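Okay, got some structures for you below.
One chain, chain A, links the two complexes that follow: it is found with chain B in the first and with chain C in the second.
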Partner chain A sequence: MDDYYTTDRKMSTMQDTKIAASGVQVYYADNHAIKDVNVDIGDKTVTAFIGPSGCGKSTFLRCLNRMNDTIDICRVEGDIKIDGEDIYDKKVDPVQLRAKVGMVFQKPNPFPKSIYDNVAYGPKIHGLASSKADLDNIVEKALRRGAIWDEVKDRLHAPGTGLSGGQQQRLCIARAVATEPEVLLMDEPCSALDPIATAQVEELIDELRQNYAVVIVTHSMQQAARVSQKTAFFHLGNLVEYDDTDTIFTNPKDPRTESYISGRIG
Partner chain B sequence: MNEHISSAYDRDLEQLQTLVIKMGGLVEAAILSSAEALAKRDVELAEQVRAGDKSIDALEMQINEEAARIIALRAPVSKDLRSILTTLRIAASLERVGDYAKNIAKRTSTLVDIPAIQGADTALRRMSKEVQVMLKDALDAYLRRDAVLSEEVRQRDLEVDQMYNALFREFLTFMMEDPRNITACMHLHFMAKNVERMGDLVTNMAEQVIYLSTGEMPDESRPKDDQTAFVSAPD
Partner chain C sequence: MSNLLIIGIVLILGAVGFLLGRQRALAAAGGDARNLHSLPKYYGANVGLNAIVPAFGVLIVWLLAQPLLVNANVSGMLDEGASAGARNLLMADVRRVADGLDTAVSQGALTAEGAANLGTDTDNVREILADVGVALGSEVTAQTLSAAQRYRAMSATGNIWKTIIVIAASLAGLALAFMVTKPSFRARNIVETGVLAVLIFAASIAIMTTVGIVLSLVFNTIEFFRLYAASEFFFGLRWNPSFSGRGGGSELGIIPLLWGTLYISLVALIVAVPLGLFAAIYLSEYASKGVRAFAKPLLEVLAGIPTIVYGLFALLTVGPLLVEVFGEGGFLGVSWMAGGTAVMTAGLVMGIMLIPFVSSLSDDIINAVPQSLRDGSYGLGATKSETVKQVVLPAALPGIVGAILLAASRAIGETMIVVLGAGAAARLSLNPFDAMTTVTAKIVSQLTGDSDFASPEALVAFALGITLFVITLALNVFALYIVRKYREQYD
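Up next, the complex of A and B:
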């Protein structure tokens, strides 16, 4: 009975808290986009944010690496701590923070550079490599973690934009992990990919869980069910329900969650 | 429960439910008819029950296929998933109940040539009636997702067990009094056991309905009173 997956999923509930958010409010000018969200995100766990368009899930995700700082009219209140440290503290450099909290976007967005340079860029600007050989190592390790090394090892200096969509997305994941982040945020990473590339990225997400806290925003309920151990359901800026993924998909507590995941009106 | 955005999904689920109710109706009729055939020594009715089991089996097949299709095409979750899982299990239990009714009808065909055992037919008929009402309520509870009614059905299995205990002792007495009663009593005992098992299966269905409406199986053990395993001789 104790097959691998069952045991694995149960373990996830015992992980330490990586990100602790409490009383988070986000405003876009007068629009109250996130309403008093409290959530503890576990380390070495895949946490999925689901909810209808405009429910605030991407907005909340972007609070976790201060991407919202770049939007002038956006105001974030409340506490977000990573490993107990307030990330909105004045002493925190957002650029350093984003090296620690990597992000992968909906559309693969490789730099218009070679595959090698795409991955080497982050480690270079953060001074993570002491020599060329060191950098080569970092690039190889990142590409292996991105599960794309075997496909690109013979053409590292070809442009990243020449890869297929699925490969580009895995390249972007390799780029995100090259700076040795601790948290990986993914905003609908598979919505532009075909089912095979999606399966490859999902497999990769499951592997990344060994080392990182992964937070994924997805419109595909089945994807949330497949890859995550914890699921949070957002609706109209509220965090409606947050529980083990098994529970959310077999016996959710809130009727709004039930309606949303089973495709009902209302 | 709100409707699905896809109305075809709702129609699929409703159709599956309709098949279960149809199957349930056939099984209820088989329970009553098998008991009536015994009481009236009606070989023709017994024959009808035996033949009718094919339709029950065919419905179960249809439910299995339909459920597999919905799972493959709709990837149901939560209540929808529980509804399909429950439906599959209820259909399997109904099929077993149908088999027991068929077995009673078979034995009836044998019993018509043997002198009756006093009071046995009436007692079996009462027991069958009890189980049929339990089944009817379990199916109503299934349609209404009614955990309270299901729990009530579950409790009522105690009465069926007690009826079976009484019959067991009676048959034992009859057999000890006169060995010529043995053949009839053996058959009648199997029939009583069949009805007792039907009660257990209906109880399982009621438990499935509780799972369907609450998301959890009832944990406390239900009342049971089949003591026949410990009977050595009549008092």
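Up next, the complex of A and C:
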């Protein structure tokens, strides 16, 4: 690996902790989906979650903005702090939390509204725009960051559901960044994208890192290696290994991590 | 042999055919089902169906045709000169006497031979039949008696032939299908074609019935417009049928009735749509599992109450209550309302009746909105009510509009609540506390009682019916159109 990049990464991992999770357990009824996970996610850092399908990456991600509250049978235990504040505390309003911790879902879910209204939805709710022109600007900026502006600028008022799968995925990314969250959780944001769009989204992630904490779930080792500074490997609900991305990919400590990244379990 | 027995025999033949067919197929394949084109049960089913279906077809045709033929033949024996109406009456007498003789024979009061040889000069037929419990209006004439005897004789021969031919058809079908059963025969495809035919048959019966109803409406309406000007019917502002039947001087304008119908439906929808929709939103988005499991069936019980009960509720409870508030000397001291029956009374009660309709349909539709849309909205920091208002409801809108239009067509077609709650006076008024009446209520009142079915006063019911039909049809088509339009936009 190039020395220059390595030092760059080292620097960014020096940042303060944004999210501190300790002793997190998640149950779906009797299914113990997350088992005693401890992890500190740094500010201005891209953290990648990798692991075989069904190991609990999405579940853990949803704990970080309390999306699991919407699932009746789901029970979360343990302690998750963002900026030192316990987000499962009674005083915390999950609605406000989610405005601060944005999320891009694994399955694209555009609203049955126009492309414009999809992106304007968050800013409108939170009163981020002072005028129509302001809102237009926010929408355009978000769509540009989502790498989809050029494709949709001529049909902003066409329904968002009429886009292709990959376009919908980028629309959802644009929708999430439009609210200017402090933390962005992305669940496989590039699963339906071609290499060019993927590169654009990765560029966006890198740009977001200047100001925000980004957590990304991915099934692509290359992507994790390209965009993240820290990587967490999940297996069967356990956080097996969490370290600098370099270390995970060049010098994993746990044999399970090694076999996963070399393609032997998955 | 009775029809039931014939059906039983055919069914037994079918079952036997099933067993035989299966066995033959298996035997032909050397006991190994893998050598067959289809599973053995398909060969059995093929033989069974061939034994049953054509035989039933023959039976149905026979049952329809025999009375027609016998009637035509026997009525030829009656007075040549009589008018068609009189002849019909005579034929009714003949059938009555023939039935009476059947009863007498089956009770043992007459032997079969005795019944065939009865004569008006030797026996008192009326008395004999009265003894077995068949009362006749007058003495039986010689002509009627002989016609009745002829009727019986022909029916008896017909029945014997019917039995023979139906069972023969069944046997023939069985044998034919049995013969073609061999391993390469594509029994599965044939049976599936047969199933398809049954499905098409069922669907076409429903459609044909509808067509028949519409046609009967159309013909009677045309008849009505021969007697009464269409322009006066559609644009007449007064509804004032004379009671003397053919006397003329009736004013049969539909406008006051349509006005009453639409006014009452409007009141009903104003009550039902918000309440039903809010109930649906509460149940599907906010209610806990326990509340939902309890409240939803409870709400749906409302839909199971017969409308006549709602009518009573309107007449006995809601009407008087409204009079106490809006009537003379009421709480408000406004005396807008003269009597308990009014647009408001019927509209309120009809609205209550429609609540479960709107809520249960909307609830299903709201539940069908994918959870991922809600998650998307929550994930952006939206509250529950923002999510419902801006994501869930717009996504469910086409379905909800459809539900509302469906409720509207029910309101327009509703009868009993109106008969009891709205009054009988056809009136063009804006005051919702006036008594008014609707198209449906007037259809009832024009056809009940002693009415001559050839008079415009009775035939107008068909014209009213078809108008109502066209309105509800248009409403449903419109509902479909709206639903489609939204679908195209958002799917």
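One rule holds in what follows: the second predicted complex is superposed on the first by the 240 of 266 C-alpha atoms of A that agree within 3 Å, B and C clash if a C-alpha of one lies under 4 Å from a C-alpha of the other, contacts with A are read in each partner's own complex, and residues count from 1 in each chain.
In this text, contacts are C-beta pairs under 8 Å (C-beta built on N, C-alpha and C of every residue); 3 or more make two chains touch, one makes a residue touch a chain.
If you're wondering where the values come from, they're calculated on a predicted model, not measured in any experiment.
Participant: After aligning the two structures on chain A, examine chain B and chain C and state clash or fit.
Facilitator: Superposition result for chain B and chain C: fit.
Participant: Considering only the touch criterion stated at the top, classify A:172 as touching first (chain B), second (chain C), both, or neither.
Facilitator: The answer is second: A:172 touches chain C but not chain B.
Participant: Based on the superposed arrangement, let me know which partner A:161 touches: chain B (first), chain C (second), both, or neither?
Facilitator: second
Participant: So, A:249: does it touch chain B (first), chain C (second), both, or neither?
Facilitator: A:249 sits against chain B, while chain C stays out of touch.
Participant: More chain A residues touched by chain B or by chain C?
Facilitator: Comparing chain B with chain C, the partner touching more chain A residues is C.
Participant: Is A:126 touching anything from chain B or chain C once the two structures are fitted on A? First, second, both or neither.
Facilitator: In the superposed model, A:126 contacts chain C only, not chain B.
Participant: With chain A's C-alpha centre as vertex, what's the angle to chain B and chain C, nearest 10 degrees?
Facilitator: 130
Participant: Could you look at A:65 and tell me whether it touches chain B, chain C, both or neither (first, second, both, neither)?
Facilitator: It touches chain C, and chain B stays clear.
Participant: One more residue to check, A:210. First (chain B), second (chain C), both or neither?
Facilitator: In the superposition, A:210 touches no partner, neither chain B nor chain C.
Participant: Please state the minimum Cα-Cα separation between chain B and chain C in the superposed model, rounded to the nearest whole Å.
Facilitator: Comparing every C-alpha of chain B with every C-alpha of chain C, the smallest gap is 35 Å.
Participant: Which of the residues in chain C come into contact with chain A in the complex?
Facilitator: Against chain A, chain C makes touches at 289, 370-383, 386, 390-391, 394-395, 489-491.
Participant: Which stretch or stretches of chain A touch chain C in the complex?
Facilitator: By the definition above, chain A touches chain C via 65, 67, 70, 72, 95-100, 102-103, 105, 107, 109-113, 121-122, 125-126, 159, 161, 172, 175-176, 179.
Participant: Would you pull the chain B residues touching chain A in the complex into a rising list?
Facilitator: 1-6, 9, 75-82, 215-216
Participant: Quick one: in the complex, what on chain A touches chain B?
Facilitator: Its residues touching chain B are 221-222, 225, 249-252, 258-259, 261-266.
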